[in-house]
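This report refers to the structure that appears directly beneath it.
Letters are used for the chains, namely A, B, C, D, E and F, taken in the order the chains are written, and counting of residues starts over at 1 for each.
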Amino acid sequence: MSQKVVTLGEVMLRLSTPGFERFVQADSFDVTYGGGEANVAVALCNYGLQGTFVTKVPSNALGQAAINHLRRYGVDTQHIARGGKRLGIYFLETGASMRASQVIYDRADAAVAEAEAGEFDFDRILDGASWFHTTGITPALSDKAAELTEAALKAARAKGVTTSIDLNFRKKLWTKEKAREVMTRLCEYVDVCIGNEEDAEMSLGFKSKDTDVTKGQLNLDGYKDVFRQMKERFGFKYIASTLRESHSASDNGWSALAFDGNDFHHTRQYEVRIVDRVGSGDSFASGFIYGLVTGMKMQDAAEFGVAASALKHTIPGDLNHATLTEVSALMKGDASGRVQR
Amino acid sequence: MSQKVVTLGEVMLRLSTPGFERFVQADSFDVTYGGGEANVAVALCNYGLQGTFVTKVPSNALGQAAINHLRRYGVDTQHIARGGKRLGIYFLETGASMRASQVIYDRADAAVAEAEAGEFDFDRILDGASWFHTTGITPALSDKAAELTEAALKAARAKGVTTSIDLNFRKKLWTKEKAREVMTRLCEYVDVCIGNEEDAEMSLGFKSKDTDVTKGQLNLDGYKDVFRQMKERFGFKYIASTLRESHSASDNGWSALAFDGNDFHHTRQYEVRIVDRVGSGDSFASGFIYGLVTGMKMQDAAEFGVAASALKHTIPGDLNHATLTEVSALMKGDASGRVQR
Amino acid sequence: MSQKVVTLGEVMLRLSTPGFERFVQADSFDVTYGGGEANVAVALCNYGLQGTFVTKVPSNALGQAAINHLRRYGVDTQHIARGGKRLGIYFLETGASMRASQVIYDRADAAVAEAEAGEFDFDRILDGASWFHTTGITPALSDKAAELTEAALKAARAKGVTTSIDLNFRKKLWTKEKAREVMTRLCEYVDVCIGNEEDAEMSLGFKSKDTDVTKGQLNLDGYKDVFRQMKERFGFKYIASTLRESHSASDNGWSALAFDGNDFHHTRQYEVRIVDRVGSGDSFASGFIYGLVTGMKMQDAAEFGVAASALKHTIPGDLNHATLTEVSALMKGDASGRVQR
Amino acid sequence: MSQKVVTLGEVMLRLSTPGFERFVQADSFDVTYGGGEANVAVALCNYGLQGTFVTKVPSNALGQAAINHLRRYGVDTQHIARGGKRLGIYFLETGASMRASQVIYDRADAAVAEAEAGEFDFDRILDGASWFHTTGITPALSDKAAELTEAALKAARAKGVTTSIDLNFRKKLWTKEKAREVMTRLCEYVDVCIGNEEDAEMSLGFKSKDTDVTKGQLNLDGYKDVFRQMKERFGFKYIASTLRESHSASDNGWSALAFDGNDFHHTRQYEVRIVDRVGSGDSFASGFIYGLVTGMKMQDAAEFGVAASALKHTIPGDLNHATLTEVSALMKGDASGRVQR
Amino acid sequence: MSQKVVTLGEVMLRLSTPGFERFVQADSFDVTYGGGEANVAVALCNYGLQGTFVTKVPSNALGQAAINHLRRYGVDTQHIARGGKRLGIYFLETGASMRASQVIYDRADAAVAEAEAGEFDFDRILDGASWFHTTGITPALSDKAAELTEAALKAARAKGVTTSIDLNFRKKLWTKEKAREVMTRLCEYVDVCIGNEEDAEMSLGFKSKDTDVTKGQLNLDGYKDVFRQMKERFGFKYIASTLRESHSASDNGWSALAFDGNDFHHTRQYEVRIVDRVGSGDSFASGFIYGLVTGMKMQDAAEFGVAASALKHTIPGDLNHATLTEVSALMKGDASGRVQR
Amino acid sequence: MSQKVVTLGEVMLRLSTPGFERFVQADSFDVTYGGGEANVAVALCNYGLQGTFVTKVPSNALGQAAINHLRRYGVDTQHIARGGKRLGIYFLETGASMRASQVIYDRADAAVAEAEAGEFDFDRILDGASWFHTTGITPALSDKAAELTEAALKAARAKGVTTSIDLNFRKKLWTKEKAREVMTRLCEYVDVCIGNEEDAEMSLGFKSKDTDVTKGQLNLDGYKDVFRQMKERFGFKYIASTLRESHSASDNGWSALAFDGNDFHHTRQYEVRIVDRVGSGDSFASGFIYGLVTGMKMQDAAEFGVAASALKHTIPGDLNHATLTEVSALMKGDASGRVQR
């Protein structure tokens, strides 16, 4: 029986312009559905685990379509609540070269932001689960959503389920002050923390030295310093972050750094030609979780996560459709891209 | 110099499934922008008038794209305000045969619903205008929007600009009690009223005898009775309604009835093979307004309106792209559909 | 807990030309997945039942995509076997007016045709099920597939699960002699039999008088005669058939006749404007099964089935995406196709 | 060895809006290539004859693409000349219901309009041919094109090849005065003449009584009268015309009338649901020629032609992709449009 | 009140193959409208100026669609004349790697080429304008178009409006002898001249040393030499050129050189991953003009122009949809292409 | 008269996902037709030779469409046999960056695999031919196909037609033991052998030193060693191989090595940005054959072949649509990719 991982968060309607069209040019939008924690559930199903996704969607055809999209890729959607006002939407315009991708969020009043903790029976949902995962986006949606997140984390902790959070600070959803207040409270229940320097600073107040995310260069020492502070403060079992060197919207360097409390593990760095980079952080998180939950060593789990997310960059949509076989092969070194006949 | 007609209302992002796909099947949405009063402004521009559309859209690329869509078809958009939370959206799934088209509205918190009357200088906007038009949808959006509508109507009345309203009761936006309260107030400033029996009952409380809109058959006597009541109560100069015989989602009978206070004018009835019926009411309103503002007789204005809207049924999107020449030709009787080489 | 219905058969890759393009014109194919019994499972899930589909698909991305397509619409796919040579394919070109739709089957050596009965634990699969359904297409695929079908029917009978078969004679898969030999054997285990006159004659040897299926006119008396013969020979509990009046590839009359051993029930007849008629028989079968399994009277079950399949004609693809609400509304008489806002 | 038919004319780039979009809405055009005589050559290849098409196209990729499109469907393109200024273009917007299809021609200075008769070795081109066909469009392109047409007709007559012309008057290409002057000269070399009343009047000056083509009703007596006049004046061996009842842009009645000098043959009338009616006249001409060249009786040849063109109405593009089998089946009466599995 | 810039030239229908398809493969064309001076007008509107575009288009739906495309992006089109034979067309096939993009022009007899200077009231058109811009393509269209261009330049000079020209030599439109004759005359009225070495040589006869444009390497000294000659001969106030290093059809180096009569300003060089490089010269011109008309220093104006045109390379179509904010941000150094959420 | 080259093999239906979609995401497939030897025939037609392709396709619309696709590009298809069970299919998912392209073959029981040598009159087919080409894929399809290949090679040898084979080992079609047995026998009739190290080892048993194809680096000495062994064993007149440095699925180094029995010729190496690399080997073979058959020197023939195939990498589909002019220009050194206006 494969292991069960539960994730909690929002699934949104994603509307993206075709090709490299800008919003003002578009006469059609490509339609998919995704969101940080939903993306993680899908990827884990791809690797053979049982991914259970918890959210609330409206009782209309769009809510149904969102559920369908996750079911299509094997996610257990039986615990998703129905009702509320609307499905959150995000609009995406894919950049190229020096033109950045643009995201317009239209997620206010989404059903999940108004959901009550009491709508979910977390004791039953977490029954038999090995892992619970969420992100810093969910508590940022609303006070109710923060309560819902806390309820879920508490329930997981109570049942001895390992918990992880991807900090994912979103400045359009809340201020750093509000974020720090809520995230500091939530992190009490977290075993594994994922997040880059900016997240760590905005969400938790840990400051590293001289990293300018717009510069596209790594600052490994800064990261290590921050990770040590985070370990000390919250006692996280593991801490990890992806490391992006943003050469342009088309080409990125991509690696990860993981910390087990003693040692730092910096993975191989990939130079990726980008097809769609949305969801790449989630694909790292899911790969890293997969590695840890299946008993890989820290270095291997991080390598698995970064290989998974390198592949994600080449796949349109939020979801990582790379298979276990493909991630394993890349992790072992074959990046030649030769045709598989 | 062509005559100027000002319309006030909402422009929404319209997302429709391609072909006859259902929402749960769709992997892309066709993108256009429209809304009752915007549709009227576009059609009037097509006929050579100067259509000015007043609304508020958010300060992002989607708001810009909505403006661009109207500019493309000649609408004067200079008075559109920018700001607010979001652009209203509606999702459309086109039906066929006995399967009805489905609309999912996602328009809460749209920028125009939060707009203050003070954001618009109606005295300047209406300067030189011959006609002002709005619909019952706009005041239904919010209390603020109702105030905005009233302010505009008052300003038009004050400047001697002819005013029209299309009742367009929308049960998802407000109750009939609320509608009646607001619409009764607004109708004090209205010269020309457009609306079918259901609208008249729900919005204004006029009840006709035994019309069941799901039956797809006309009740001319009921209409006449209601029109007379409306005339008596509000003193409208003209009252008109389209008359739809809904054989199926693919085929409709389509005509109109107009009342000048003395005589009733029932137009020719068209049997239309439907491509896209959204916006057909607006296309009648714009055609009818065009007729009246350019001095046609009542019967001709109604015939122009119904010919215009018959053509609209054959055009994808909310907007009526039929030209003055085409409407005139159809109005004169050529419905053979022979290739124009 | 909703009732469980198990279906057994083939799921194919369906490749159809866009719009009304012919095969020799097509530069792209629309991709969906379907097949008689899979279509039934999907429709039952739409109505709120638990549909379990049993088949075998190859261990490659196409097999996975077929499973995904069924999961998307809620089907329980956990019992689907993996392996074998290939996924069956069918190519579809949609006709119009007097040009008939064309189907090219490319299903030889499909995984399910080579599946062994021993690959499926029917005792477990049928556990808790109320109904088992298959069609005459499955046993026609190969001798092994006929054995598999028989094993499933026997297991259902042994567990007291109601069984149904849709005769669906396919002349490209087997001869009528072979069909009669196999189907006569299988019908010993069948409670509910669905099939038109042609099926009854080709698959079971029952001959009715003077029906010419190319003429597009009904022969109710012939049907009744055949149904009585079938009842007498096999003791079927219920027998039903759809009745198609094929005016053209674009317009069909559509009704059904059901027989409960005593009385005949002829449903309302719909005049359907066709979007995609593939899968219409399956949509009747699933509606009829839904009616029976939820305790409707025979007439109502047949009306539900024919309303469901009337709606199917308006939906692209094999699958019936009509909802319970929609079928019920149509069954109650609202065929006006008015926009649902 | 199949019989050889040579046709002479223009092949154009056809740019049509997708679905029912109007020109002002379109963001893409569907691309095919066609033209009266090219369409005839393709259809004849479909029926198993050897179709040779003669024209001139520019020495660029568009000219090549036009040739490729005809080669794709089996046309012998070896005699096509290269050079000149440009490829003629026509833009098509497909109508529906009471909205007529619109064609914008952009064919001035097309390569074939500037071609010299000396660029073609008609003696070699017509070697072994049974039939030569052209239309009234070709001589209308330019004086040079009229000379080219005359040279071809003369060469055919000299070699004893049967000749046919489809009058096809195009008011945007020339005046009726000019047309009559040229066509009267060309008709001296014609054995079989195809054309409706309007063509006969505009191109040759034959006037029938009270036919109004915009009315969509037939005037068989008028046709017969005109045919007799044409027979008398030019001694045509056969004369034929399609008869269109234009109910709307979506539905047409369609039949044909043929005259063998003694008897009139009015075919079965089809009620066609239109997908694309451009090229329907050419599809009649090619079917009629096929019938005559393979020795059918007049009535059968006309029935073949009208069945072929009824099918054409259901196929997108200029070309008739109906096969010999399909036309024969329809001609024999099966118009039920049942799925061919 | 934003400043007004008037441009004069041709707007063409642009038909491009989707993706990287070649002309001979294409079954659809993407449709946009553009042309050197129209592109400049659109970009200036994007930056907040009032762009007025002057041309002539045919009185049909294609001419209307061209106007609509420009209106959509804010261009003042009220002075565009209607009439003439046709809309110019250009066909585009987008290259990749070592395969160059291909353009087929089909612009002979375009409406603007036949326009008379008398059809435009330049005194009124230029009223309130700060700048007038055209290119060397417009006078190359025809003798009439050269006269029109001269009339416009003279009118601008007479009204004290700053004038600019982008030399843009097109060898398929005229010979270098003809170009030199006309352009030398026109340059008498020009304040700001834009053009690369090849343009300078072909259009004006200024020769630089050893630049081979096929080599993809810069020759700054050659440029400076030519600019000095140009300054001396015509007394241009400013001279500028983009500098392209054509590594392949997919990757280009891109910078600009500007000369204020005293100093040379070489901008930052961008390495662009190309989505669509058509219109990149126009996007430099419009950015450079924007800088100058809003009072930037020469270096800043050139940096603005080259940043604007770097972004243009990443946007499909002729038009530069980069916003003022985006160009400014890139100009200040953020080329990391990080997602903007 | 251009030279005639005959090729023998399979033409398949190619179904590829749009953009970079994975199989599990795709809702449509792009449709083309191709196969090793068919691709060679098309490219040779592009260069002006007469390419004759020999195969067998089923007697249905898909078989016809395959033939049509080759006719479109000028291939002589008159000798293609009709009948058999089905058309072979291959599914393609295009990779990017470190994600490799995936091919799923579904070619068992293809018509050509079951074709008898007696169905082809090779004496007539090869009449007037200069060259005969096939690949190692054809004999791998079935024993019958191996016999067919041998019959064709023998017939070519008997008529003095130069023969070539591209080894193309396909591990999913046969074992290396079976391949060696058959290919050793076939190579007795071969003049020119094309194949890389892996092919040489798997198909013929020639082993080179330490090349790891997944590493993406060249081993020229290994190649030379193998070529010498091949020359010695089979007496091939010429031997050639492409040399791919697979940096990723998006970027490859690409050159070729040719051996005339005395000297080795290593071509220029191209760095290609890949659009579609399927068929690149065939495009080298066809270019190399073109060079040899038109009398180029060995170095030039290899340079022509590698330039041709470099261009192929930039073109979607199996077929190389590069023209003679384009290949010649690239071969002479212009790889700047500047727009051709």
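Note that in this section a residue touches a chain if its C-beta (ideal position, glycine included) is under 8 Å from a C-beta of that chain, and two chains touch if they have at least 3 such contacts.
These numbers were taken from a predicted model, which means no experiment stands behind them.
Across the two interfaces under comparison, A-E and A-C, the one joined by more C-beta contacts turns out to be A-E.
By residue number, more than half of the contact pairs of B-C reappear in one of the listed pairs D-F, C-F or C-D, namely C-D. Per-chain CA centroids place subunit B at a distance of 44 Å from subunit D. Note on chain placement: the centre of subunit B and the centre of subunit F lie 62 Å apart, centres being C-alpha means. In subunit C, the residues that touch at least two other chains are 22, 24, 27, 68, 73, 102. Contacts between chains form some other arrangement here, matching none of path, ring, star or all-to-all.
Under the contact rule defined at the top, the touching pairs of chains are A-B, A-C, A-E, A-F, B-C, B-D, B-E, C-D, C-F, D-E, D-F, E-F. Within the complex formed with subunit A, the subunit E residues making contact are 73, 270, 272-275, 310-311, 313-317, 321-322, 326, 330, 334-341.
Looking at the complex, you find that subunit F touches subunit A at residues 19-22, 24-25, 95-103, 105, 170-172, 213-216, 246-251, 277-278. Across the complex, subunit D is touched by residues 15, 18, 22-24, 26-32, 60-62, 64-65, 68, 85-86, 89, 91, 93, 102, 104, 106, 108-109 of subunit E. Listing the residues of subunit F that touch subunit D in their complex gives 68-69, 71-74.
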